[in-house]
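Several structures are given next for inspection.
Shared chain: chain A. Partners: chain B in the first complex, chain C in the second.
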Partner chain A sequence: MGYRYEIRLSGSGGQGLILIGIILAEAIGLYEGLHVVQTQSYGPEARGGASKSEIVVSDEEIDYPKPQKLDLLLAMNQASCDLYYRDLKEDGKLLVDATFVSQVPTNRAIRIPFTKLARERLGREIVANIVALGAISELIDLVSFKSLEWALLGRVPKGTEEINKKALRLGRRVAKGALKEMKGKEIENYTIDESSL
Partner chain B sequence: MEKKKRELLLQGNEAVAEGALAAGCRFFAGYPITPSTEIAEYLSQKLPQVGGVFVQMEDELASMAAVIGASLAGAKSMTATSGPGFSLMQENIGFACEAEVPCLVVDVMRGGPSTGLPTSPAQGDVMQARWGTHGDHPIIVLCASSVPECFHMTVRAFNLSERFRTPVILLLDEVVAHMREKITLPLPEELEIIDRVRPTVPPEWYIPYEDNASGVPPMAPFGEGYRYHVTGLIHDIRGFPTSRSDEIGPFFQRLFRKISQNFAEIHMSETFEIEDAEITVVAYGSVARSAKRAVLEARQRGIKAGLLKLMTLWPFDRPAVERVARGSRVLLVPEMNMGQISREVKRVNNGVCTVVTLNKVDGTLITPDEILKRITEVYQDERDN
Partner chain C sequence: MGYRYEIRLSGSGGQGLILIGIILAEAIGLYEGLHVVQTQSYGPEARGGASKSEIVVSDEEIDYPKPQKLDLLLAMNQASCDLYYRDLKEDGKLLVDATFVSQVPTNRAIRIPFTKLARERLGREIVANIVALGAISELIDLVSFKSLEWALLGRVPKGTEEINKKALRLGRRVAKGALKEMKGKEIENYTIDESSL
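Then we have the complex of A and B:
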């Protein structure tokens, strides 16, 4: 059997998790040529409630479309972090939006305040998901930044290309910094030093 | 210029819409409902671009009526809905059976009954798709389990409906409908498209419901000079109501015969690792994907497991099930309902081997682990006996 790389993007309805799931799947599937399946689940509410988007990547045809054990979990709120942390593989990566997640269950969590960054650096909280997507591009080897940017531009509304590109770059930069900081250290929960941006 | 094939990341629902366009569908009437809405959304944008018509109706009763009207006027027509809307469409689906009006009804199954679980998967409408409308009638029901299948089965569903002048139901579940996968859309010339047979006689000689060898009378579109009577009452060969038993009997016989003499053409299934399988999983829709993984994992543990994936649910694929029943010791039927296809498997198996079920109705997809656990249990039991 081929490998499976499994990603869950979770948070609450309205945070744009399904959109970044689609962008990521498109970049991996169409631009990188891997097999990919993206699924989603959300409640009947129009906004609020739990929402998640899941991606399974493989080098061969994918049968079961949902993740079994996660390689990467993005938690954009506390509830999803608490609920899904135990689905991570032992060496799985946990990425949280530190704006909303104050308690992390592991000292290996990568904490970046996506929403706060989006609000303060880009003036629009709505692109917090794209900042997170940029950070994800640093954490996985499945997709090049360029592919992700192409996929992003194909999916966002006209007129918002610039801010979305900026958001993606910001996310990548911040994650790079975070990983550098964490490297080779017995790190405690990493929180971004905002003065370094 | 050479045409290039388009590779896309599409949702199951979007692939249904693309399949419909490729099949020549030019009319959609419906009422949005989760988890089928994307079909309507997609076609509302695309149909006008190809000269088609999209109508959002006041409800599902009217939607089905409009679909029938458009088909009678010559357009390949469809609607898409989910459980609650599918219930409302049942009466007019019966009308389409009775008046022999080709059309496609896509039912994306969600948890039910009633409003149920709008955003969660289920497979509870299998029997409703077969028997939801009253009265004895044949019907064709297909079920897809991947995005490419959503496309190809929609084309096939239209082909079957046109060929046999019958409504065809395409069942998806929420997982398949909302899942995104890669699909390479075929070029038009790569697809087989079947259109209804039209009369070759002039209007004054046209007998709308006259029998022939195929049992499918040529169908004239309204508006081209062929005038005939269409009714939900049992009718004679000219379309007018009859209560003569010597006309009623042959009408019903023909209605059934046109489907039953073509079972082999209608039945579709796929098998995986069944040659030496002692335990064969019989599954359909998204559950077939979990089953395939479970079979692979069982094989790694030395258990000879196999998979029969049903793609035509009705008419029930008796030959396919009989084949695996003869070769296996156990048939395992996992379903997201309390046992609908398993009843059919038991009926067809008729005691040849053991049939066991795995039923899950908690709003989540059956996992490979759950199927594997059941396979292992059953395997142990069989060993012990």
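Then we have the complex of A and C:
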């Protein structure tokens, strides 16, 4: 069996997780030449405030597109963090939107207030998902930033390209800083150097 | 094993197949209470002008989200019709955009010129995918038109609701007429009764 990397993007219905799932999958699949399957599931089990969008990446054709053990979990709300944390690999990465997730089940979580950042730095809460996508690009070694930006521009509505590019760059920068700072420390209150944005 | 229904929406990259896949999956999963998995695949095998978006529906939890034998194939271009026809069940339904698919491998195909209709009747070629979605609603017995319209309105950009609703209704009406007319006949040149639109 070849290389396999599994990502779940979770949160509530309105947080734009399908969109960033598709952008990420296209960036990795179309521009990086890897095999990618991107999935949404609906049904009774999706109730209770947690919705998800999944990505499986491989260097081989993917026969079984359902994630087994996650390498990366993005949780944009508390319900999805609580529900899906158990599916993470032992050394898997947990990335949470600290705006909404106050209790994390591990001290290895990467806590970034995506929604707060989107609101306060970009004036548009709705691009919180793109800020998270930028952060993810820094945490995985599957896609170049350029490919991701390219895929992003192909998927966002006309006229919103600039704000989305800014959101993506903001996410990357914050994740970069967070990774440097953390080494086991809590980073919910991690303060971004204004001059670097 | 319970009930299972498999759909593939195929065509070229710019034809909006992911969008209608998501709308259809949400309509069936969120509003009809069935289990639905909706999938996009990327990779070397997707080259050659054919791209796809897939939906598996079941009354049970879906363990294997990859389609085995399709119940319905939508082909919006010739390449995807040629490539994916072999995956159709013996009694599966083939629905093609007759604007771009001139050669069909069976005389049981349902041939509707979605793109031509979108251009000529609605003045917007870009909603051809929504016209096709409306037609699909008439061919499957999984979702009410109301649920589909509801899911549609949650996914299209603000300000485009009316044209999209018109496109959905147009597709349904044309498919209804086509099903009545066909009974084995070719319907590429099926003429829509203007007064009925």
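Note that in this section the second predicted complex is superposed on the first by the 174 of 197 C-alpha atoms of A that agree within 3 Å, B and C clash if a C-alpha of one lies under 4 Å from a C-alpha of the other, contacts with A are read in each partner's own complex, and residues count from 1 in each chain.
Criterion: contacts are C-beta pairs under 8 Å (C-beta built on N, C-alpha and C of every residue); 3 or more make two chains touch, one makes a residue touch a chain.
Here the structure is a predicted model, which is why all the values come from computation and not from measurement.
Colleague: Sticking to the clash and touch definitions up top, decide whether chain B and chain C on chain A clash or fit.
Modeller: With chain A aligned, chain B runs into chain C, so clash.
Colleague: According to the stated criteria, A:123 is in contact with first (chain B), second (chain C), both, or neither; which is it?
Modeller: neither
Colleague: Identify the partner contact of A:68: answer first if only chain B is touched, second if only chain C is, both if each is, neither if none is.
Modeller: In the superposition, A:68 contacts chain B only.
Colleague: With both complexes overlaid on chain A, does A:157 touch chain B (first), chain C (second), both or neither?
Modeller: Only chain C is touched by A:157; chain B is not.
Colleague: For the overlaid complexes, name the partner, chain B or chain C, with more touching residues on chain A.
Modeller: C
Colleague: Kindly classify A:26 by the partners it touches after superposition: chain B alone (first), chain C alone (second), both, or neither?
Modeller: both
Colleague: In the superposed arrangement, which partner chain does A:38 touch: chain B (first), chain C (second), both, or neither?
Modeller: Both: A:38 reaches chain B and chain C.
Colleague: Based on the A-chain superposition described above, do chain B and chain C contact any of the same residues on chain A, and if so which?
Modeller: The answer is residues 22, 25-26, 29-30, 35-44, 62-66 of chain A.
Colleague: Write out the stretch or stretches of chain A touching chain B in their complex.
Modeller: Chain A reaches chain B through residues 1, 22, 25-26, 29-30, 35-44, 62-66, 68.
Colleague: Per the contact definition, I'd like the list of chain C residues that touch chain A in the complex.
Modeller: Residue list for chain C touching chain A: 18, 22, 25-26, 28-30, 33-46, 61-66, 157.
Colleague: Mind pulling up the chain B residues that touch chain A in the complex?
Modeller: 7-9, 34, 117-120, 175, 178-182, 286, 289-290, 292-293, 296, 300, 365, 367-369
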